[in-house]
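Let me begin by presenting the structure, written as structure tokens, before commenting on it.
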Amino acid sequence: MGRKVKDNFAKGIIYLATGITLSVLIFIVGFIFVKGIGLVNFDFLTRDFNEKVFYAFVQNEDVSMSIDEEALKQKTPFDDRYESLIEGPIYVDNIGAAIAKVTYKNNATEHEQLVISYIEKNSPLTNAADSTGKEMRIGTDYVIQSINGTDFEGLSLDEAAALIKNQSDELKIKVVQPGGGVKSNIITTLYMVLLSLVIAIPLGIFGAIYLTEYAKPGRFVNTIRFAAECLSGIPSIIFGLFGMAFFVVALKLQISLLSGSLTVAIILLPVIIRSTEEALKTVPTSFREGSLALGATKLQTIFKVVLPCAVPGIATAVLLSIGRVVGESAALLLTAGTVAQIPGTLLSPGSTLTVQAYYVAKEEGNIELACAIGIVIIVIVIVLNILSRIMSDKLDVFNKK
Amino acid sequence: MEAIKRKKLRERIIENIFLLCACVAVISLLAITFFVFYNGLAPFVSNSYSLWSFLTGVEWRPGSNMYGIFYMIVGSVLATFGAILIGVPVAILTAVFIAEMAGSRAGKVIRFAVELLAGIPSVLYGVFGLGIIVPYVLKISPMAQGESLLATVFVLAIMILPTVVSISETSLSAVPKEYREGSYALGASKIQTIFRVVLPAAKSGIMTGVILGIGRAIGETMAVMLVCGNPIAGIPTSLFSQIRPLTTNIALEMGYASGVHQELLYSTGVVLFVFIMIINFAVNRIVKTKVGN
Amino acid sequence: MDKKIKFNTKNLDLFYGDFQALKSINLEICEKEVTAFIGPSGCGKSTFLRCLNRMNDLIESVRIEGEILFDGQDINGDIDVINLRTRVGMVFQKPNPFPMSIYENIAYGPKCQGLKDKTQLDKLVKESLIKAALWEEVKDRLNKSALGLSGGQQQRLCIARTIAMQPEVILMDEPTSALDPIATAKIEDLMSKLKKDYTIIIVTHSMQQAGRISDKTAFFLMGEVVEYGETPVIFTNPADKRTEDYITGRFG
Amino acid sequence: GCSSSDKTALKAAVSGEINGGGSTSVQKIIDAAGSEFTALNPDAKFTYSGTGSSDGIKGAAADTYSFGCSSRDLKTEEQPGLKVATFAYDGIALIVNPANTVTNLTKEQLTKIFTGEITNWSEVGGADAPIVVVSREDGSGTRSATEELLGFAEKLKADATIKEGNGNVQTTVAGNANAIGYVSLTFVDKTVTAVNVNGVKATVDNVLNKTYTLSRPFLIFYDEKKTDPATQAFIDFLMSEDGQKIVTKEGGITVSK
Amino acid sequence: MDKKIKFNTKNLDLFYGDFQALKSINLEICEKEVTAFIGPSGCGKSTFLRCLNRMNDLIESVRIEGEILFDGQDINGDIDVINLRTRVGMVFQKPNPFPMSIYENIAYGPKCQGLKDKTQLDKLVKESLIKAALWEEVKDRLNKSALGLSGGQQQRLCIARTIAMQPEVILMDEPTSALDPIATAKIEDLMSKLKKDYTIIIVTHSMQQAGRISDKTAFFLMGEVVEYGETPVIFTNPADKRTEDYITGRFG
């Protein structure tokens, strides 16, 4: 039978296409996970990207060790992907902490350094202050570089320990908080998502409501719809150009979180408008008629009947938008910068995870690190996906019986 | 009476808020358009560079005052076309599978997978392209490098999948079930129902997805930058030639360019812009004439 | 005894774009009566009915000429449409309950008018459902979605929803075409009860129904009102040949 | 290393925002100096955006950055109003894939390779395979320094692969057996081989003793009239002995010797 | 003279999830007759009808137990559903023309069966439209979208579409509920003509219609068939008290 053959052929092609889509996904996600998973751990998520140097002012005060030598040996808080133990640890009484010597190496550099491997509970290090007198934290795994102006470079572990012991009164210790993590990028990403959605979602949804529910078909609506269509087609690099010239330079908002999120909000507008419009259009006219015939105002009709029916569609729009913000790179590169720090104010620069991944791939050629950041991004995307799925199922009025 | 008046006033105010929001889209488009065109047309208006050599030149050497983008236009168009050719059918058929053929559980899983694919930033596609596709193309290529039109096409084809799939799928699911019932009752098979009734009924939504897909392909920058090669000159002559799409040209040099060089990068943006407009117009026309009767 | 005229249309023309769907309609509809519109498919009954609560506002291509006076006031003039629609309720041909619970469907209109008191709402919902002969079937699942009801139940829900608004006029567009005879009979009963207080205008395709329940009948044909008068007269002694032919089933 | 006592550090403490930008090649050094500087001055906030030398020059002039950095000399038209200081030197390494048997190239050969006159490794003593030229993007300081040193300015072969960033060039070369590219000496690692130029190995020492001639300065510049105390303090720090120690530690060549 | 049995259901139960919509239905439906299903709203008429061409396959929650024999073969067994549906056509309660031209709507079914010949298709389209009493109204706009037709016209189009398939059985779910009496009369006429060649099963809410056109009538109540037999018998001399009550309008 000709039709059966044709149908089976078509079915085969459909299965094939779906298979391709799925295997592409598995392949990509697999690639990212295989390459990057080795780098992802708790430190990766909780540390800043750049290492940070501190001068800590500490009172000299003898504290004896409360654990035995064996237990001290077990304490190796450093990251064994980059660092391997050479000597120690040795416990130093007058700072109430143990230090160890390790080699640090990644694909470009290789050198020796001293790290703090253990800190006693009442060690003087626990109430250190920085040079302005503010309280500061020193953790295990911090690199210790000099004491009272004397560098440890070239010293053996014993010499260094002796040097520390010989100091009296106040100690000025130079410590380095290790970097290599993406905490600041995660936080910047969340800020960026939140800010741009707060700007774009009301604009987009209300705009779409105007287009579908109020505007009479004509030149004006066509203009807006066409504008939205064009906006959705404009590459984000052009938005980046615009954002750079308008927000950054003309409005003097600097390369900053605010410039970035305003730019991204414009990118999001058409996505939200279009999807919301589509969602609103699928709400049957009979619902609107029914509501109006009951003496509801247009606004009541929209908010009580039409919007609730369109919620799943709008949730999809929001999801797409979040994906877009998380995934945006070209525009943000030009408007929010590549600085891997938590933006202190709306006007501070900051790099999102994606920008960071791009930067790492481009500048350091470090595909593993880019993939590790990719894993974090994918996990965030999955979590958001699940959340919005749950939300939209909860909100779908047609599902309830 | 007072209450009615107040109610009316509120309705009016909120309607105007809605209108205002809708206008923001237009205003931002106008602003961007004005800004890009103002800068992009300046060199031709002030005659500091000839439009003709800009559009037909095949070499881009800012230092030697050579700004030809013809080879970039060809590259962009070919890459987009190739990506659409591969990506769109796969995407639409996947959408059909999800909406029409998969059981509710399998459908959910695949939809989730597609949304996941959509959530992966383009940069990671670039990293993937750099890590897998470029080396692979290098293996089969008669040329000595893997950065090529072909690699770009593959990366872009993958990147447009989720956009086209999810929008097509939404519009397929929105087709009323009465159409399907009517078709089945006439002895049509599932496949016939899908291809003759459901797909045509969802046409406008699918087209929207395709437009967005084209937009994504032609406008993609960062992922492409890592796999296309970005040569200084040369019209691509085979799938294995390197290309320099319009977008990466802008992204590579915008950071520091100044004067005519900067303006001509905006001009590159104008060309991109015009392409998007043409595509939008064309697709609008197609959708209208097909659905109109 | 002459009744008060509720609706009075004068030379009403209606166009869908270029297509003229209503041609110079002049009708006087009396208060507290049931007026039935009959006529072949596509003759403009629904279109006319939708003029009376300005439901055609929703269709872009519609253009209306002439006057429709409601209690002497032109409803196409400077009036409050919302207010008009609370006074002129409507039940549609296809049941269109909102995708909310049964309770919310009924409470929707009153809530939109600002009624918030829970006890009052509860009472209103119950009364309306009883009047629409649906209470017994749904009283145990008021909080379930209305979409789970059968077609007939859905339509009765829509009628209950309209009744809950306590309108002056109820427009019904083939309201019983999805109902079985028993529910139909109940609705018909209800209508005769309601007409003591309300004006009811009903489009129907069932001549029997028109005969049974209506006081006046208008016969539409190709956008025109061919004949309008007391129902018994129209059915037993029509003035126009076309009416007679239609009623006796001789053309179409 | 000797004493810079805590007292001086306390006295010198400044506050304010310093945001620099420009060359990516200098980033390791500048970031390290910046974090040392903020350690000494906890109230100062320091950021540096690696965007390329030309952007640094433009940004410093336009006041979007408090200071800019470049990895090449300024062109005369870029000079006006900017105060310029050289804070380090750097070598440029010509890198090939480790699988490549070619270990030495003359400057002339390199020039011919980059201009496209030599297109096959066999012409320079290697295997019979096409040469894939990898270059940096147009605004890169590394690129213009290399172009100038090898004399192929504006003559780069048309089908050269253009990559943004030092690391990107490096991975491309690492992944393609026939590729050749150039990066800052501070970037070279095991994944690629730096070829000898005119028989001289690319090392910091050879740059210092001037036998390896492919070297260029790292510059920092700022608008003297608008500069704030924090920025000035940072630049002073960078040029100080402590600052120059960081330069050496991060693989650069100090200007103090 | 005993007619051949076309459909024979044995202990048919149907569940929507947990809700049992049909309870042990045993019905024999004869060839070349009109069988009418009547009963109050929500009693399962539509559900049962949709079993006969396996339209319930489309609803995921449906579970069926028991047998439905079509020409002696169990249609829930290993049969070709497509083939079943070409032999058992269906017209729905709500008109559902496809969003294509009128011509394409009618030609759709035959084309799906592989008919490509333009002249044959043209002929088929015209014949079907004439049979469905729609030809005169649409002959000038065959290439216009079917969605522009009025409700009644749309429903007649759907009937024409089914007729074009030349099925053995036609299932109709309240097919005339959206039609005016004249179109209804035409369809009823048509049905009595068609029953010479086809088996017709119709769900109707109009007792009169059932009485006029059907040979046999089944009375459904809450998912059960209360009574089934010759239409005159059911209407004049029902065996079951509930049937009588329903027919005389005494309960619901």
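Residue numbering begins at 1 within each chain, and the chains themselves are lettered A, B, C, D and E in the order written.
To be clear about the criterion, a contact is a pair of C-beta atoms (placed from the backbone, for glycine too) under 8 Å apart; a residue touches a chain by one contact, two chains touch by 3 or more.
Here is each chain with its UniProt name: A = Phosphate transport system permease protein PstA; B = Phosphate ABC transporter permease subunit PstC; C, E = Phosphate ABC transporter ATP-binding protein.
Every value quoted in this text rests on a predicted model; they were computed, and no experiment measured them.
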item	value
Neighbouring chains common to subunit A and subunit E, by label	B, C
Shortest walk length in steps over touching chains, subunit C through to subunit D	2
Two chains sharing the most contacts, counting C-beta pairs only	A-B
Maximum centroid distance from subunit C, chain identifier (CA atoms)	D
Centre-most chain [mean C-alpha coordinates]	B
Centre-to-centre distance between subunit C and subunit A (centres being mean Cα positions), rounded to whole Å	58
Rounded Å distance, subunit A centre to subunit B centre (Cα mean)	25
Euclidean distance of C-alpha centroids - subunit A vs subunit D, Å	29
Gap in Å, rounded to a whole number, between the CA centres of subunit D and subunit B	37
Residues of subunit B touching at least two other chains	7, 130, 189, 192, 226, 255
For subunit A, residues contacting two or more additional chains	3, 297, 361-362, 367
Two or more partner chains touched - positions in subunit E	94, 112-113
For the subunit B and subunit D complex, residues of the former touching the latter	59, 61-64, 130, 134-135, 138, 143-147, 225-226, 229-234, 242, 244, 252-253, 255-258
Subunit B - residues contacting subunit E, complex	104, 176-189, 192, 196-197, 200-201, 293
In the complex with subunit D, residue positions of subunit A that touch it	50-55, 57, 107-109, 130-132, 134, 146, 148-151, 153, 172, 174, 248-249, 254-255, 337-339, 341, 344, 348-349, 359-367
Subunit B residues within the subunit A interface of the complex	7, 10-11, 14-15, 17-26, 28-33, 35-36, 89-94, 96-98, 101, 110, 112-128, 130-132, 158, 161, 165-167, 170-171, 174, 189-192, 195, 205, 208, 211-212, 214-215, 218-222, 226, 247, 250-251, 254-255, 266, 269, 272-273, 276-277, 279-280, 284
Of subunit C, residues touching subunit E in the complex	38-42, 93-94, 137, 149-153, 174, 177-186, 205-208, 246, 249, 251-252
